[in-house]
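Sharing a structure with you now.
Each chain carries a letter (A, B, C and D) given by its place in the written order, and its residues are counted from 1.
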Amino acid sequence: MDIVVSTLYLGYFLLIFGTLGVILGPETRDPLVRFLNVEIPTIGVMLIFLAYNHTLALMTYIAINSLIVLVFIRAIIRKEELEA
Amino acid sequence: MKVEVDGGTVEILPLVSIFCIVMGCIGVILNTDYLDKIIMLEFLTGGLIGLIVSFYYLDVAILTSIMEPVSTVILLLGSLKYLYLKRSKKRYSSKLPILVK
Amino acid sequence: MDTLVLLIGVISFVVGLRVFLTRNRVQRLLYLCCLNFAIAALIALYIKSPMGGVAAAVYFIGSTLSSNAIAHTIGKVQRLEGRG
Amino acid sequence: MDVNWMDFIKLLISTGVCWTNFVLVDTYFGLPRRPGVSGAEVIGKTLERMGGDINGGYFMGNIVCSPDASAGTLMASIFYYLLGFKGGLIATLLIFIGNRLCNDPGYAGTLGTFSATVLIHLLSSFIEPKYFIGGMVMAIFTIQGLYHVGASKVLGYIGRKLGMI
């Protein structure tokens, strides 16, 4: 099979399976587990960008994604502190 | 570099990368401990970098390789602080009924 | 056919399967180190230009940094669970 | 498909050369004696609890946690394959920068890379440099990927035999 077509279908698979895992995966009551599952559809979107040759979109998406982790982690910790 | 498998040509680096991505995807969702999930996420990102390199996008691959340890270090520090916070809250709440008595 | 690339591919398949199947966390980290070596070698053999060598070196140093961080955190979590 | 037996002989010789190079350089600079970074201590303690040797465990932990002579051998063979002899010197500079990032003194990685470059240059008349890349992956597979307890016992035995512990 061609590499471009297989990358496209792999991206769709990651998007669907990761979304199902976020909604009804094991122990998603914990917010950090749910946030770590959210990383899977992110990588699915990256693979779809890669299959359509959108280089600039892929580069900015990767750079922003490793910075948005900081905001989410800060929010989860602040929520846990306020509920104590 | 190319392996002849009954007529078509299959290359090794995309095969290994696709294998890493599928296995890492299943592993991240099925494990429930934080550190196991982060190790599996590392495994998944290695497959992603291999697949980007096999499309000859070397600048994107170098950017991903630089940005990935930053994300991993932030996740590890956050999970450690979250674990410590949850543990101290559980100890405090287990001590609370004794204070009520 | 090239025997060398096929051999490295078989090694990385075996090690990837063992990363997925083993239960101990430290052994999983050791197998991951071997997989990083194999992927860096495959990148350098796939792209036969000096830029491919630079990409392989940057990938290897980055993955070593994050392995160092994971091992440090495993030690801290073990100390926290052993004490409390 | 025809398998050339000369390829396997070259691969076995390059595996032996790479294994000997990085094990001897790392043992001489005292990797099995004490853990350099705090992650290596965790790996050594865990392998000792599983029934292995603690000094070999420190050795394997130091390979995982900072780019030592093993990473130096791989980088030297890659850059020699791509750029020739002056590629080995560039690899030495890269490994030195990586060692300083991981909070290590960095003597073992730098000297290991330089000695690997000299060895590949001496042997390059009858073994092409691309066999050394496969040889290095085979060598790291026999240590980190096959059987951890036995590998740590072998590394501890070698370190004790050389008198470096």
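Note that in this section a residue touches a chain if its C-beta (ideal position, glycine included) is under 8 Å from a C-beta of that chain, and two chains touch if they have at least 3 such contacts.
Please read these numbers as outputs of a predicted model, since none were measured by experiment.
Distances between chain centres, each the mean of the C-alpha atoms, put A farthest from chain C. Separating the CA-averaged centres of chain B and chain D is a span of 26 Å. With centres defined as mean CA coordinates, chain B is found 11 Å away from chain A.
Rounded to whole angstrom, the centroid-to-centroid distance between chain A and chain D, based on C-alpha atoms, equals 35 Å. Looking at chain C, residues 1, 8, 29, 38, 45, 52, 65, 67, 70, 74 sit in touch with two or more other chains. Those chain pairs judged to touch are A-B, B-C, C-D.
Interface of chain C with chain D (complex): residues 1, 3-4, 7-8, 11, 14-15, 18, 24, 26-27, 29-31, 33-34, 37-38, 40-41, 44-45, 48-50, 52-53, 56-57, 60-61, 64-65, 67-68, 70-72, 74-75, 78.
Against chain A, in their complex, chain B makes its touches with residues 11, 14, 18, 21-22, 25, 28-30, 32, 34, 37-38, 41, 44-45, 48, 51-52, 54-55, 57, 59-60, 63-64, 67-68, 70-71, 74-75, 77-79, 81-82, 85-86, 89, 92.
Interface residues of chain C facing chain B in the complex, by the touch rule stated above, are 1-2, 5-6, 8-9, 12-13, 16-17, 19-20, 25, 28-29, 32, 35-36, 38-39, 42-43, 45-47, 51-52, 54-55, 58-59, 62-63, 65-67, 69-70, 73-74, 76-77, 80, 84. Here chain A touches chain B in the complex through residues 3, 6-7, 10, 13-14, 17-18, 21, 25-27, 32-33, 36-37, 39-40, 43, 46-47, 50, 55, 58-59, 62-63, 65-66, 69-70, 73-74, 76-77, 80-81, 84, going by the rule given at the top.
Remark: chain D residues 1, 3-4, 7-8, 11, 37-43, 46-47, 50, 60-61, 63-67, 70-71, 74-75, 78-79, 81-83, 87, 91, 94, 97-98, 101-102, 130-131, 133-134, 136-138, 140-141, 144-145, 148 touch chain C in the complex.
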